[in-house]
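Next, two complexes with chain A in common: one pairs it with chain B, the other with chain C.
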Partner chain A sequence: MDMILQKKSLAPWLERLEGYDIYAPVRQDDIWNYAHVTDGRDIDLGYPNTVQSPKPIIFPQCETILEFSASEDGTPVMREVIPEPNPFVVLGMRPCDARALTLYDKVFGGDIKDPYYWKRREKGILVGLACTVPPSPNCFCPTVDGSPCSTDGLDILLTDLEDRYYVESLTKKGENLLNDAKTLFKAPTAAENKAAARIKSESEKKINRQVRQLAEVPPKLAGMFDASLWDEEAMSCLRCGICTYLCPTCHCFDIADELSSSSPLKGRRIRNWDTCQFPDFTMHSSGHNPRPDKASRLRQRILHKFHYFVVNHEAYQCTGCGRCISLCPVGIDIIEVLDKVRDYA
Partner chain B sequence: MVNLDDLKKEAKRILQDDKVKYVVGYTRSSAGPLASPVFIEDPEKIGELIWDASCVQNLAKFLLDEKRRKGRAKKPDTRPIAIVVKGCDSRSVNVLLQEKYIERKDVFLLGVSCEDLGVVDQKKIAQRFEGKTIQDIKFDLSPELAVTTEDGTVKLPIQEVLADRCLECQANFPVVYDVLLGDKSRKKVDEPFGSLEEIESMAAPQRWEFWQEQLGKCVRCYACRSACPMCYCDECVVDTIAFAVAADTSAEEKAQKIKWIEKSPTKSENFGYHMVRAIHLAGRCIDCGECERVCPVSIPLRHLNKKLEKAAKQLFDYNAGFEPDKPALVSSFRDEDPEDFIR
Partner chain C sequence: MPENPYLPKLSKIIEVKQEADGPRAIKTFRTQFVEDGFTHECGQCAMLSVLGKGECMISISSTPLEKEYLQFSILKMGRVTSAIHDMKPGDLLGLRGPYGNSFPLQQWKGKNLIFIGGGIGLAPIWSVLQTARRTRAQYGDITLLYGARTSADIVYKDELQELKKEMTVHLSVDQEEPGWEEFVGFVPVNLLDKKPSPGNAIAITCGPPIMIKFVIANLEALGFKDEQIYTTVENKMKCGIGKCGRCNIGLHYVCKDGPVYSWAELRRMPQEY
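Entry: the complex of A and B
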């Protein structure tokens, strides 16, 4: 079902979405990030790109999975904590970030379903915004099977037609959300249909960066575990967690117990994001570290995204958002690394 | 003016004469307009070097990597490495020398003077072109930049988009070097601690609120620690394994380890991390400003370090990174040191 929404009707639409928490890009201290928005008038979808993808809304950086305490006789008591979020809408999600959730679905789905993830995932309605202009100079979504107007993972896709949005509802959830405020939407005219189609077909041409013949990379990587390339490419790496923490598809976490009191015993078991780029990620309790240097950690990042994930899930674990490139303090460029892998003799 | 050809010539000479193992300098990056570090072993590749206002990183950080690499090698190559240093970066080399983390023979310093400019703040450039995607920035027209957006190319004086750290610079040319390129006249800085005025004028509750909000944003990517040449500890208080574990470390020792700071990025733990880092940098930070530049969520970390730098200056008349042969601030004592803050 395709509709038209005037831009000035965006705030009134959001006001009608009673019972939903709304998350949208918000600017703070010169950067954009997703935040819980209570006034629809604060929303500005003309943002470049958020520093963080909306991943923390569904996969928070820090999550309690159980709480424990000592009962009166001293035996420990444990209580499972499963999140019960309100239904929510993520507004203005970039297609690459929405596709990233379809990759998470593979990781947190499968034979064992991760309850913490799915409790949030199922409550969310994802309203995307097609990238008529690439939001970052390092966008490369078409290389990794995406598109600036991809609908993967989305419930609704908005396309900017200057003073109005072309609105496509893509799922039952999306359709219901439009039906809740039916009077604000109208059917598109033939000219509007044509304009939306034209903008979409042009959007991909505006993307400047790509990896040629990426399909050659995964089989190549299978034989590159001991390649000297990793040492060269990792020379400038500083060992920070930017590339992975800000990646919409990275999903590794660490589980720890944190005490709020040791006597009487009280605390929680939490899971926190973790990253293969930190030296202690693979540190054994013996002191041995199977990934002892930054070359082995860069190799892990590339192999996971473009080899292991492809083998296990038949998809690249990258949606081409370009964050790891733009935000790397020393300019390590995953596109360049993949080019070098492809051409590695 | 620093002549890039002279820099290349010097770098090539020391490689050809086998004086150094490799040269760490700056090169153009495919990732964006700012320079990237480059590591050159082959003298024929020296053409990759650049020097301009995009050369933001403090390459002294790579002295730490080199030391680790040597430590791991069975037969370490003990030749020095060469690094390109700006004034601020050279001060951090001095602190590493003063703390005996490295020896002077470990490093060959290719000093470059920032003269009356410095390096840019990419965020300030972005602000100038709000709402536009910056496609390209040309830096080789110093003292101007040429910024290209979808609307065309605009020239801009570098002076207008200099990083805050450069506006408060105390060493616009290297204070230690083996080769110096560019002019050696001191740039006048009127307000070396001017950036602190706003935060110092806040009442304590307001300041508390400010830091609650700012440090609440921290995602604990540790980019600030990672970019800092003074953060060279083998064990850091925030790491899950925060002490050097060896094969003979007993289970008891591991169990008794105190967890000072939890991994969860809550406000209290983030405060713990940033306060520990700030205190550990007191009298050591030379304000290269890299911690603040690399922070992906724009936490104004320079305020913390600058405040301690100011305290060191006012209380002890101490300026880090100028006198490597004198004792470090936190490891020296004088009878006349002020003590009225000890309660």
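Entry: the complex of A and C
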């Protein structure tokens, strides 16, 4: 079902979404990030891209998984803390970030479901915003099977037609959200249909960066564990971990206990994002570390995304958002690394 | 909502035995579930936790045929294992699992079994050894080669004396010490000295990563084929269910796809463990 929404009707639409928490890009000085918004006028959908993807809305950087204390006789008592979020709408999601959630679904799903992830995931309605112009100079979504107008993972896709949005509802959830404010939407005209189709067909051509013949990379990586390339590429790495913390597809985490009182026992078990770029990530308590240097950790990042994940889940673990390139303090560029892998002799 | 995979169950410590003392202290804990039961297979691990300290993955060293308790032999190393070492009978340990694959004992019927352990590395293969012992008629000869840094670091001292009545046991220590009458030298060297026959045999080894590497090389030198060699590997783990992303060796998450591998499988994987 395709509809038209006037831009001036965006805030009134959001006001009608009673009972939903709304997350949307909000400008904070010179950067944009997702925030919980209560006033539709705070939303800025003219944003280049958010520094952080919306992943923390569904997979928070730090979350409590259980609380513990001691009963009067000292017996430990545990209480699981399962999130119970309100239904929520993420508005203006970039298609790459929505596709990233479909990759998370593979990780946090499978035989053993992660209850913390799914409790939030199932409450969310994802409203995407097609990238009519690339939001970053380092966008490369078509390389990794995406597109600036991809609908993967989305419930609704908005396409900017200057003073209005072309609105596609893609799922039952999306359709229900439009039905809640039916009067604000109208059916598109033939001209609007044509304009949306034209913008979509042109959007991919505006993307400047790509990895040529990426399909050659995964089989090649399988034989490159001992390649000298990793030493060269990791030389400048500061092991800050920003590439993984800002990656919408990186999912690795740590589990740790935090005490608020040791006697009587009181505290919580928390899950925090973690990164394969930190030495402690794999260090055994004996001090032995299977990934002892920057080269082995960069190799893990690339192999996980472009070899292991491809074999295990039949998808690249990368959606081409370009954040790891734009925000790496020393300019490590995953596109260049992949090019070098492809051409490695 | 199905069961929360991160929520431990409480298990009561019923027995604590000091195996080794000093800076590399080892204790063996036997626990019983407070709530419902728990079944495991040889080679599987459990995530133990001390509330307020954290969790750590420890292999289950008791045989699945033992229904009265679970056994864990733990080297005091970091925050969690130190906290476990402070626990006494009656204390409650958090426990979730079991995790991972297991040794394919069904395929080993009628074969000679050679166990090769180093240090605390005897614990992960102890469940196999005990299972083979309790179903003795199903296997051929059973041999154990086991070594530790010093005689004080040897685990299961009493049990090893008992085992000597039932099977061939070759012990070793790394360096000369007064009163030691068995082999002196590293475990892989003792292996070459004792020369177990590869005929109709399966070798099962666990120990420090460096020991495993040399044991495997020496088994190959003795004529063992890749398919005849099994080991169990360890990597740092947090979730136990293949989601936290840190224990992988190449394509495999050790917590769910391992920890048990034949050398035929492991040698084709990146040597990152």
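Here, the second predicted complex is superposed on the first by the 344 of 345 C-alpha atoms of A that agree within 3 Å, B and C clash if a C-alpha of one lies under 4 Å from a C-alpha of the other, contacts with A are read in each partner's own complex, and residues count from 1 in each chain.
The criterion applied here is as follows: contacts are C-beta pairs under 8 Å (C-beta built on N, C-alpha and C of every residue); 3 or more make two chains touch, one makes a residue touch a chain.
This structure is a prediction, so every number in the text was calculated from the model and none was measured.
J.: Identify the partner contact of A:L66: answer first if only chain B is touched, second if only chain C is, both if each is, neither if none is.
T.: second
J.: In the overlay, answer first, second, both or neither for which of chain B and chain C A:L265 touches.
T.: In the superposition, A:L265 contacts chain C only.
J.: Where does A:R291 make contact in the superposed view: on chain B (first), on chain C (second), on both, or on neither?
T.: Only chain C; A:R291 stays clear of chain B.
J.: Of the two partner chains, chain B (first) and chain C (second), which one does A:N312 touch, if any: first, second, both, or neither?
T.: In the superposition, A:N312 touches chain C alone.
J.: Is A:M283 touching anything from chain B or chain C once the two structures are fitted on A? First, second, both or neither.
T.: both
J.: Check whether A:E80 is in contact with chain B, with chain C, with both or with neither, and answer first, second, both or neither.
T.: Second partner only, chain C.
J.: Given the touch rule stated above, what does A:S236 touch, chain B (first), chain C (second), both, or neither?
T.: first
J.: Counting only touches as set out at the top, which of chain B and chain C does A:K113 meet: first, second, both, neither?
T.: second
J.: Which partner does A:C252 reach: the first (chain B), the second (chain C), both, or neither?
T.: second
J.: Take the contacts of chain A with chain B and those with chain C, and give the residues found in both.
T.: In chain A, residues 254, 256, 283, 285-286, 288 are touched by chain B and also by chain C.
J.: So in the complex, the part of chain C that touches chain A is made up of which residues?
T.: By the definition above, chain C touches chain A via 1-2, 4-8, 10, 49, 51-56, 77-78, 81, 92, 94, 208-209, 234-236, 238-239, 241-251, 270, 272-273.
J.: Help me check something: in the complex, which residues belonging to chain A touch chain B?
T.: 28-31, 33, 46, 48, 51-52, 61-62, 133-138, 208, 235-236, 238-242, 245-246, 254, 256, 258, 270, 272, 275, 278-280, 283, 285-288, 292-293, 325-333, 335-336
J.: What does chain B use to touch chain A in their complex?
T.: Interface residues on the chain B side: 29-32, 34-39, 57, 61-62, 65, 72, 123, 126-127, 131, 133-135, 150, 217, 219-223, 225-227, 239-241, 244-247, 249, 254, 262-266, 290, 293-294, 296-298.
J.: In the complex, go through chain A and note every residue touching chain C.
T.: It comes out as residues 65-66, 68, 75-76, 78, 80, 82, 107-108, 110, 112-116, 225, 251-257, 259, 262, 265, 267, 269, 271, 274, 276, 281-286, 288, 290-291, 296, 300, 303-304, 307-308, 311-312.
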